[in-house]
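Take a look at these structures.
Each of the two complexes below includes chain A, the first together with chain B, the second together with chain C.
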Partner chain A sequence: MPTTSYADQFAAALAAGEGPAWLPALRERAFARFHALGFPTTRDEDWHFTSVTPIAERTFKAIRPAATTLTLADLEAHLLDPDWHRLVFVNGRLEPALSTFAGLPAEVQVSTLSEALREQPEWVQKHLGTLAAFDTAAFTALNTAFMQDGVVVRVPKGEVVEVALHILHVTDAQAQGAAIHPRLLVVAEPLAQLTLVESHVAVGAPSYLVNAVAEISVANGARVDHYKLQRESAEAYHVGTVQVTQGRDSIYHSFSFAEGAALSRTNVYTKLAGTGSEARLNGLYVLDGAQHADHQTFVEHLAEACASRELYKGILDGESHGVFNGKVYVDPVAQRTDGKQTNKALILSEKARVDTKPQLEIFADDVKCTHGATVGRLEQLPLFYLKSRGIGAENARALLTYAFAAEVLETIEVDALRVTLEKAIFERFTHHRMD
Partner chain B sequence: MSSSIESLVNKEYAYGFVTDIESDTIPAGLSEETIRLISAKKEEPAWLLEWRLKAYRRWLTMTEPHWPNVTYAPIDYQAQTYYSAPKSVKPLQSLDEVDPELLRTYEKLGISLTEQKRLSGVAVDAIFDSVSVGTTMKEELKKAGVIFCSFGEAVREHPELVQRYLGSVVPYSDNFFAALNSAVFSDGSFVYVPKGVKCPLELSTYFRINAADTGQFERTLIVADEGASVSYLEGCTAPKRATNQLHAAVVEIVALDDATVKYSTVQNWYAGDKDGVGGIYNFVTKRGKALTRAKISWTQVETGSAITWKYPSVILQGDDAVGEFYSVAVVNNRQQADTGTKMIHIGRNTKSTIISKGISAGQGQNSYRGQVKVLPKAEGARNYTQCDSMLIGNKCGAHTFPYIEVANNSATLEHEASTSKIGEDQIFYCKARGLNAEHAISLIVAGFCKEVFKELPMEFALEAQQLLGISLEGSVG
Partner chain C sequence: MLTITDLHASAGGKEILKGISLTINAGEVHAIMGPNGSGKSTLAQVIAGHPGYEVTGGSIAYEGQDLLDLEAEERAQAGVFLAFQYPVEIPGVTNAYFLRAAYNELRKARGEDEVDPIEFLDVMEEKLKVVEMDASFMQRSVNAGFSGGEKKRNEILQMAVLDPKLAVLDETDSGLDIDALRIVAEGVNKLKKPTNATIVVTHYQRLLNYIVPDFVHVLAGGRIVRSGGKELALELEAKGYDWLLEPAGV
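After this line comes the complex of A and B, so read on.
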């Protein structure tokens, strides 16, 4: 696939770039890697069921966004909870007027990437690009080459952030035909706790590419809850990669919700590198029309007595196509591993398609690992039961579809978010208001 | 516990002897000449030679696949011998004419042709290196109209059947090893069960590689005509040698409307020594095509081979067709196995069941790789997959790579997999009841594999259970 079309853009970005001296070198390495790898094709095992041709055959332009005219009122539906700490990016640019995070504890550092690069370049260098390897990942390389701005969060030792931090990426008509490469770096130091909500939304229906990369380090005894909502425009493309490394007794909890974009790919990769650490990776995708959504998870058990729990569910209508690829790797040293992965897809229409590939690679013997996958339509027996209780066929189907999704929505521990998504799913399938 | 299990897992390969017998072996190397030579030796008709040459030319354009989860040194295809036949094999009138040395070999293997014939009523086609040496119970089968003979004989006696079905399920262009097999296959078995006939005997083939540096490329073709049914068993052994030998077989099954074919394998090729020296590379293509209401069932017990790489598959082409796959794969020492199945649902209301049990011991690496594909027209398709792995020792690996591809919403698919260590508490319980560790483990393993063993014909089930005990000897550390 041609990658040369981005060479001029890259040269221009490099010339205009600021920041410490090591940064252009990192960008150049990344771009060279992207150039060498090219966009993935369906011959790549990791992209077997997802063709990125619609992304590869276009050249998305670089964007230098102007200050937005959007107001908080325009974004009301996407704020979820007005009490959260909030960073709002419009077309990749931080909008201070729409953001509010002064209420964070003073010790917690939240800044844009460019700020962090100015103020503590050595600290950023120590972390940026170290978790999200780009040797084999073309989109991560592309992000590293072009990352314009993003968020850097550092939660110091023992600090518990009680209120969620919401990073809201908004895209509007200004970004038509453009590529945005948001970057997120989160470092939770020992015993720190943070709840992070990352939303990707659109105003209107522009067509653009969001290629996001997040690096999250969860130190010994720390906990990060990471909720990602992908509600891009129906014409958009979204590729998101989250790479996590976990210390001893740490917890990383990820929830990925996807209902937007024409074509989306969400990668959640975590390394359980410290004894007794735990990863919970959950997700729900709801598709219709010709949408294509691909979720890939990779849990590496690299230390003893770690636990991983995964529950991913999909609801597919229209001619949509859902892909799930969940890999669990257990290193020879990772004895007493406890891994469980479940993937369920519900197909509502005749033309929807699901490809799922749950994988286990196990090199240690004292382990308990299971995975289960099901694909099918609604079961006849519960439908019959509801009908026998006087509930019409259509309502019975709607209720059961909602119930299918509710099982995974229940894992959301942030009330405002769970209620919002439950309401959205309920109303989507029952066509009734939930009050 | 550890020492007794260790001795249990490390028992010697009992079938590693070499039979001293004169063979007619062609020089090593592969070219169009080799193929012409094989074809001439087998006195084949022109169409078959042409087919072989087409396969060979296609093979030249293909590259050896490396996607399986196995590693091995590159294979030198020019260093292999592609045809080796016991010299005294020529035309046989009856079993009595078979070289007594050969018959003794089979006795050592525990499949005495005459014994089997008398006692179990199983008809055996024994393949020694590349050539079929004698088929028992021919008369009984003839009465029922069943054709069971060596592939070479089938080409001579029933060319129309062979020509019609050869390559109809596994075309010569299918994959690298299938193309190689199509070019150089030397013998194999052929079965044809006519319309409405239930084959009165279990059919059985025994494969043995004897000569050194020889590849074995047998080809099996089983055709069950409308409403017919047949059960077929296959067993394999090879002598111990320090070099790796290639075994690239092809098995094709055609089950026409309402037919039933059951194919069982106990694969016990030489697995190499405990350091991974020698052993058979078992790269096999097995596939069946099931038409309307037909049923194809694969059962395999894989305990041998340095590397096993095979995916017995079913194309569920007709409505209401059924496909089954029951597998036990054991790896010990440095063995590697990448095995599983493909179930391709094309017809409506097609059903498939996959039960796979993997046992890894020593430094063995065991992968289940399977595909369940439901095409858009396969209304009401159903699949149930269960793959369980058991790990014995902490240097082995168990991997699962299932591909589930569904393009019809009326399909129902369930996949379950689990991996766990052999239960200490189960061993403890057995020991508390007076069993030693060795017995405890073989009991637990037998329980773990029960769902597969019960699919095997009885005498094979017993053999399989013993084999499993042998291949696991000394595996727990």
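After this line comes the complex of A and C, so read on.
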């Protein structure tokens, strides 16, 4: 698909750009790659079930947002836990007055991308764009070409960050028609630990494109728990790619929650590059109306004795369309691989639809790898059980729909987040408060 | 209270109940016994309104109403309770929430006010004693990860909360060790009143040592082939079912 409409914007951005000399070169490479690849089409295997025509046929504008008038009170529902360390971006711009991360251990570096580029350009150069390859990924290339104010997090060796770091991206009417390209770089050095919550929310119902890229390095013995909440405006488009590289005995846990956007694509890719490393990729998506949500995971087992666990669940109502594509690659050296992937979808309406495609490529022989996918409606027996207790059909359906989601929400280890999502899903389906 | 007349029911086009007639009055305990495949669990589930069975003939009158005309939830609201042989697990929904939701549905159906979670705690305190369970039980998800014994006790706990007029216990003794069996049976006995009735569906006589029936009916091939008093259960224990099946042509 044509990409020329972004060429003028790119030239302007490049001319106005700051930062070290290598950065414009990286941007130019990325834009050239984006131009060559074009937006993906359904002829691309990775995009077979998802047409990005609504994104490709519009030209979303780069914006220079003014300081926001939103207050913490306006964002209360999105803060989740006020005690977390917090960086708030509104329309792609960091809002220091809404942010609070002074309580982080002094050794932990959290800064905006532009600060990091000023203060430690060589360190940034070593990592930025090296984990999230854009050779074959047009949206990642586009992000790299246009990335503005991102976040850089460096957790030094052995440092354990006890309180979660929340990166909250808010979009409002100022972002109407805009493209926002958030960038996140996280480096957890050996034995470091970090819990990261990444939220994408909107105030009102603007139409915009968020094209987010996160690069996360989890070094030997380190652990990163990464929760991503996609609660964009119902008129918005969201493409998000998380690219992780894991060292020996490292742990990366991802939970991806999606209920917003007209069209969304969420990629979580991890490379198990060190022996004994573990990845858990879970997710829940809840769709209605004409929403389309596509989740793709890719676990590369590149070392011995690594474990991967995946559980994705979807609840689909209206005429919504869900896609799950779970890829697992087991390298010839990755003996004693232990992989399990489960994907379940619950269909609530006649017209909702799910396409699911597990892909296993296994080149080692001492491997335990399983996958299972189910797509179905609520079962008769549990409905009868609830009805036999006097609970009417509608309430019984609501409770069982919630129970379907609860099985995966239970795996969220951050209490405030789990409770928030449990309540939200419970109330969404039962129209009752959970108490 | 309950009058079943020439009841026929089938599942998947196969007839399972082939003409059951049975009358149950308030204050009575009836045991339904029979070999595997005789239709005794089907009878229990048809009374409760299981959607997997089609009633092809006959009638069930309950408290002056046509029971077969009611949805499963309406039957429960009218005082019919089925203790499941295989209780269903509901992850993420606490026992406390579930029991209160059910309790309030029944109150609403009777035109009474709903109780809030605090008031319901008082209700539960007394009910938990019936099945010798502690309060921590209330915060666990319904039946999820419960042992076989805990699931059956949870069924009796639900029965205690819902206080049915007609309780149907479907193989409540299956999979229970002797202690759990005693607790479950004592729970049922504590809930017995002159104004309610109980149907105990079981394969074995063992449960009937604890829950003593007024009447015993033997089901075979979808029909009642013998009815009698509690001594019939003892006779079955001694002689098995075969002596009844052959004369009945099953």
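Operating definition for what follows: the second predicted complex is superposed on the first by the 435 of 435 C-alpha atoms of A that agree within 3 Å, B and C clash if a C-alpha of one lies under 4 Å from a C-alpha of the other, contacts with A are read in each partner's own complex, and residues count from 1 in each chain.
The rule is short, and it goes like this: a contact is a pair of C-beta atoms (placed from the backbone, for glycine too) under 8 Å apart; a residue touches a chain by one contact, two chains touch by 3 or more.
Note that the structure is predicted; figures quoted are calculated from it, not measured.
Visitor: Quick check for you: in the superposed arrangement, does A:Arg418 touch first (chain B), second (chain C), both or neither?
Guide: neither
Visitor: Is A:Ala406 touching the first partner chain B, the second partner chain C, both, or neither of them?
Guide: second
Visitor: Tell me which partner A:Leu381 touches in the superposition: chain B (first), chain C (second), both or neither.
Guide: second
Visitor: Of the two partners chain B and chain C, indicate the one touching more residues belonging to chain A.
Guide: B
Visitor: Check whether A:Asp365 is in contact with chain B, with chain C, with both or with neither, and answer first, second, both or neither.
Guide: The answer is first: A:Asp365 touches chain B but not chain C.
Visitor: Is A:Arg309 in contact with chain B, with chain C, with both, or with neither (first, second, both, neither)?
Guide: Touch partners of A:Arg309: none, neither chain B nor chain C.
Visitor: Considering only the touch criterion stated at the top, classify A:Lys157 as touching first (chain B), second (chain C), both, or neither.
Guide: Once the two structures are laid over each other on A, A:Lys157 reaches no partner at all.
Visitor: Is A:Met434 touching the first partner chain B, the second partner chain C, both, or neither of them?
Guide: Second partner only, chain C.
Visitor: For chain A, give the residues common to its interface with chain B and its interface with chain C.
Guide: none
Visitor: Could you please specify the touching residues of chain B with respect to chain A in the complex?
Guide: Counting only chain B, the residues touching chain A are 67, 376, 389, 391-421.
Visitor: What residues of chain A sit close enough to touch chain B in their complex?
Guide: Those residues of chain A that touch chain B are 45, 49, 332, 335, 345, 347-377.
Visitor: Tell me, which parts of chain C touch chain A in their complex?
Guide: Touch residues, chain C against chain A: 48-52, 71-73, 75-77, 81-82, 84, 87-88, 90-93, 97-98, 101-102, 105-106, 109, 117, 141, 158, 162.
Visitor: So in the complex, the part of chain A that touches chain C is made up of which residues?
Guide: 380-393, 395-396, 399-400, 402-403, 405-407, 409-410, 422, 434-435
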